[in-house]
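One chain, chain A, appears in both complexes that follow, with chain B as partner in the first and chain C in the second.
== the complex of A and B ==
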């Protein structure tokens, strides 16, 4: 149905998509897999006619049912594209949080699809107006001929006009019904309420459902889904995938599914394309690719995916407790944003009770908003509004944050950044103060330990890749030789292959330095790979805590079971 | 409702604080109203008598409390300098009541001109793809922003008054005598007030729209097959207006507080002119009330902006 021939796209510079050709058959689910910067999103946006105007299609053609949509060297025909965008192909984007207009009601946004395209629906109402009038006029003439007064003919004409207005009202109600139907179709039970909501009143998963409702309401032949689940929690992710599958089965539309997550692609897609640096490096049926990958890159990608079969950290004996958390509740203040408003204390962690032992990695898994970060901040002492106790049996813990792009000061060099915790330690506790020379030596040593060469010492964070930055963050956390490092989603902003490297680094450093880690992640597979023990958290409560193998084999809590699915 | 009560309480507290500060400022700055009225040649007895008459012999706290009590009763006191007739001083309320409508009318007209011109101009600018247009609008607005307002006033007077002869400079008629004639005259000072603000608002709106253009929801709208025009007006404009509304609020507050220079150039009997002369003659009762008025206007306008904001952005009221 879709045919792309030798497509290349460039933004003022090198081509980001190179000689990409593929077809999508009727009702087929095609997965495009690749890491960030592989050109998969640009390909999809070019297909949809949404790529920005600074992008040039340097070669290739795009066909939709034998209709030429786009050809290199010719300007994009926006009018033609508008005929296709919506009724024939639609798109679901990655970020449900920002992909809906914040100042427009959700119902109106879905309805816009109908307003823009449903000529049939609109046409009927417009066409019906003169028809009705004609009938009335005819009747009027008839009445005239029969000798009835003109007055009555006029009222009848007026009746015709109100009839037309009624018709429009009905049309409006019908449109609303179609929107409600579509909302229900994507599993939004309270469709009436959602219809009148603004996007910010809905959760991420609900917003993504609204986006999907919008994409399917006109029953297009092709739906392009660009990382539709990446920004969502695991359990919601599963639901959205099931929904896309169901829609595909019911409506027989084709689906172009773009993702960095091989497991997801495997669950959903019939065929898979693997992209790297703008090139298609491998394509084939899903199971063929997974069972017998041909390309080096594909092999690397598949082996990098955290699974439950890969090698695990060697188990560790629980000997001495390092941090004891006893009946800890964490609160935060909800400011009423005014002089007189009451500040409300909200409990985000309820009675957490656990121990981190020396030299172990304790995995903490849970969805966004479950209190993982609040708990870790309380252990660090960054949050003072707590009840219960946290006892540390070593020096102060350090932290590795999720976003390596914003957690390093962009004005400083790597060397300076690595020394900063030592400087701070020296100020806090003069007995531990180190000379300039010792600090530098320690920083060089740490740089080597996190697997980076000497030359990076004088570079700034902006000159490093995401993975390298995360290495620096880890180095910063370890340089003071803390007993405990809290790593808050340290790999979730990274590509799979980089993620595998960082996990490997954490494992080896942990073996070498015998530091304990509290490793926080939403990805249960990542947790499985690195942790000795697992702690499952939901809505501020710790549901389950135990040896990794034990929890994976015999989960006790229904929520854990769902996570493990 | 709770929101309204909160706002009103904040308003009252701010007014009280500002009145105290203004009162204190008058105690500190050098210069004496008595010398200013009688001149330096007056005898000490005469000075003493006037001081007593104005109540200036009392300690500051007593004076403030007395003044504040009177204001609360609605008695704004009498001017030290302006006299109504031979044996009576001008009550402040009357004095300001005379000038206030001129300034308010001028402000309303200016605001109307700003909104009617700046918003379409900003949208047009953001949507235009022509390089030449962009450069010329950029230069034009920059010039309009840079011209000092007295010079702009002179230019407007010259252009509309002498070249085009659309109005006679200096022929201001009081709104009490001829409202329509007054408005016709006020249009030209209003244009002088509006020109730099139009430039600023249009630039601001353009930038805001261009920023919004790169948002994700705009891409979603395009993916539905919406036309460029529809995306600009239905989706982008409302979101882009949010920062502009705050900016317009700041402008309103500024204009309503008195466009001092423009009032001078067009010899309008407005608040701005009164404020300057009262400060230089230490006419304390007038200044104090004017400061309260300006404070009130600023807070009130921000209150309106706040409400408008809630109308435009549904996210705010639910927080």
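== the complex of A and C ==
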């Protein structure tokens, strides 16, 4: 149905998509897998005609049902594309927060699709004979629509202006009904309520469902989904995947699914393309690729995916407790930042009670907003609004954050950053003060430990990649040899191969330095790979805590079971 | 020639022209302390109202003084006074803005309301009040305009500190046990330079204009010191007879302000390119 031939796209500079050719069959789900910067999104945006004007298509052609959409060397035919965008192909974006208009009600936004395209689309699909398999599903609907149109025209002439207004009202009601139907179709149970909501009143998952409803309401032949689940929690992710599957089966449209997550691609796609540096390095049926990867890169990608095998060995012994958390509740002050503002206390962690032992990695898993970060901040003493007690049996704990771009001071060099904890320690406790030379030596030593060469010593964070920054972050946290390091989603912002390297680094450093980690993640597979024990958290409560194997084999709480699915 | 063209293309023209213009002005201003073509207070009845010529580049005024020499001295005064104004207001702005922005709370609220009040008055008017209390003179102009311009820096610095105080790297510095003072001035401060530099250059231009304005009103630099604003006000009685008398200091102010604007724009673009 879609045919792309030798497509190359360049922005100012080198080509980011190089000689990409593929086809998407009717009703097929094609996955495009690759790390960030591999050109998968640019390919999809070019196909959709949404890529920015500064991109040049340097070679290749794109066909949609034998209709030439785009050819290299010719400017994009925007009028042609407008006929295709929406009724024939539509897109679901990654970020449900920004892809809906925050000032428009959700219902109106979905309805806009009908207002813009409905009539034209229906007219055209009558003219161009639909294919055999489409006839079955669309037959009734088309006949219906045609009837409605004829009727409408007749009545409009017959009854004059007032009658026409009546008719408009009816038409409006019909449109609303179709929107509500679409919203229900994507699993939004309270469609009536959602129709009148603004995007900010909905959760991320619901917003993504609305996006999908917008994409499928006109029954387009092709849906392009660019990382539709990346911004969502795991359990919601599962639901969205199921939904996409269901829609594909019901509407028989093709789906181009772009993701960096091989597990998702495996569950959803019929065929998979693997992209690297703008090239397609491998393509084939999903199971073939997973069972028998040909290319080196594909093998690397597949082995990097955190699975439920290859757990770290070294069973620890629970000897000495390092941090004891007893009956800890954490609160947040709301609206306290103005002169006469009233403060409202909000409880985000309820009665947490656990112990971190020396030399272990304790995994904390839960969805966003469940209180993981609040709990960690309370343990670190950054949040003072707590009840209960936290007892530390070692020096002050350190932290590694999720976002490697904001957790290093951008104005300083790597060497300075690595030495800063030592300097601070020296000022706090003069007995631990080190000479300039010792500090530098320690920093060099740590740089080697986190697997980076000497030449990075004088670089600034902006000159490093995300993975390298995260290495520096870890080095910075470990350089004072703290008893506990809290790692808050340290690998979530990284590509899957980098992720595997960082996890490996954390494991080896942990074994070498015997530091305890509280490892926070939303990804249960990552947690499985690094943790000795796991803690499951939901809505501020700790549901379950136990040995990793034990929890994975015999989950007690229904929520844990849901996570493990 | 072709080589020059290529070199020309690559240059940051804002920076280049800005540097040339301000550079020339600053050199003339500094030079005026040691040497001027004629004495700045040497009067001569015979030479009154000479039009610009090779002998007197900008002509002579109603006392027969060489306007070019006086403009040179005026530049010197203006640049030094404005620099001091910026120095005072910017350092006060950094101190107050950093503390209020980082710690927040009641102190922040109170100081912000005070800056709101200061901002509500036209700056010249407020400076007038200060001058009427302290008396006129160069140092009082510096002090009063320094106070008047402080709130704008406080606002900028404060908002940047608020933006950065909860950022991850500051949070980690706190965990390392870095002292508050060190966090404020060694961890956060370097990160606001690019924003701060732009406001400093804008503030410098405003200071030049305000100083000239005050001297024009007669409450700034006092005679016999030359100041560009003072010269303007002296010249307005002879606008028909000797237009060059007004044009020379006026165009000089335009020259300096334009040069400095170009310079700041050039620096901003350079910083952006770096990022």
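Everything that follows uses one rule, which is that the second predicted complex is superposed on the first by the 517 of 565 C-alpha atoms of A that agree within 3 Å, B and C clash if a C-alpha of one lies under 4 Å from a C-alpha of the other, contacts with A are read in each partner's own complex, and residues count from 1 in each chain.
Definition applied: contacts are C-beta pairs under 8 Å (C-beta built on N, C-alpha and C of every residue); 3 or more make two chains touch, one makes a residue touch a chain.
All values derive from a computational prediction rather than experimental measurement.
Once the two complexes are overlaid on the shared chain, A:102 sits against chain B while remaining clear of chain C. Contacts of A:390 after superposition: neither chain B nor chain C is touched. Looking at the shared chain after the overlay, A:434 reaches neither chain B nor chain C. Contacts of A:424 after superposition on the shared chain: chain C is touched, whereas chain B is not.
By the touch criterion stated above, A:85 is placed in contact with chain B alone, chain C being left untouched.
Judged by the document's definition of touching, chain A residues 337-339 lie at the interface with chain B and also at the interface with chain C.
Residues of chain C touching chain A in their complex: 104, 106, 109, 167-169, 171-179, 182, 187, 190-191, 193, 275.
Residues of chain A touching chain B in their complex: 48, 50, 78, 81-87, 90-91, 93, 95, 98-104, 112-113, 116-117, 198, 200-201, 211, 214, 337-341. If you check the complex, the residues on chain B that touch chain A are 6, 9-10, 215-217, 219-228, 230, 234-235, 238-239, 312-315, 318-319. Within the complex formed with chain C, the residues of chain A that make contact are 337-339, 380, 382, 396-399, 401, 403, 406-412, 420-421, 424-425, 427-428, 462, 473, 476-477, 480.
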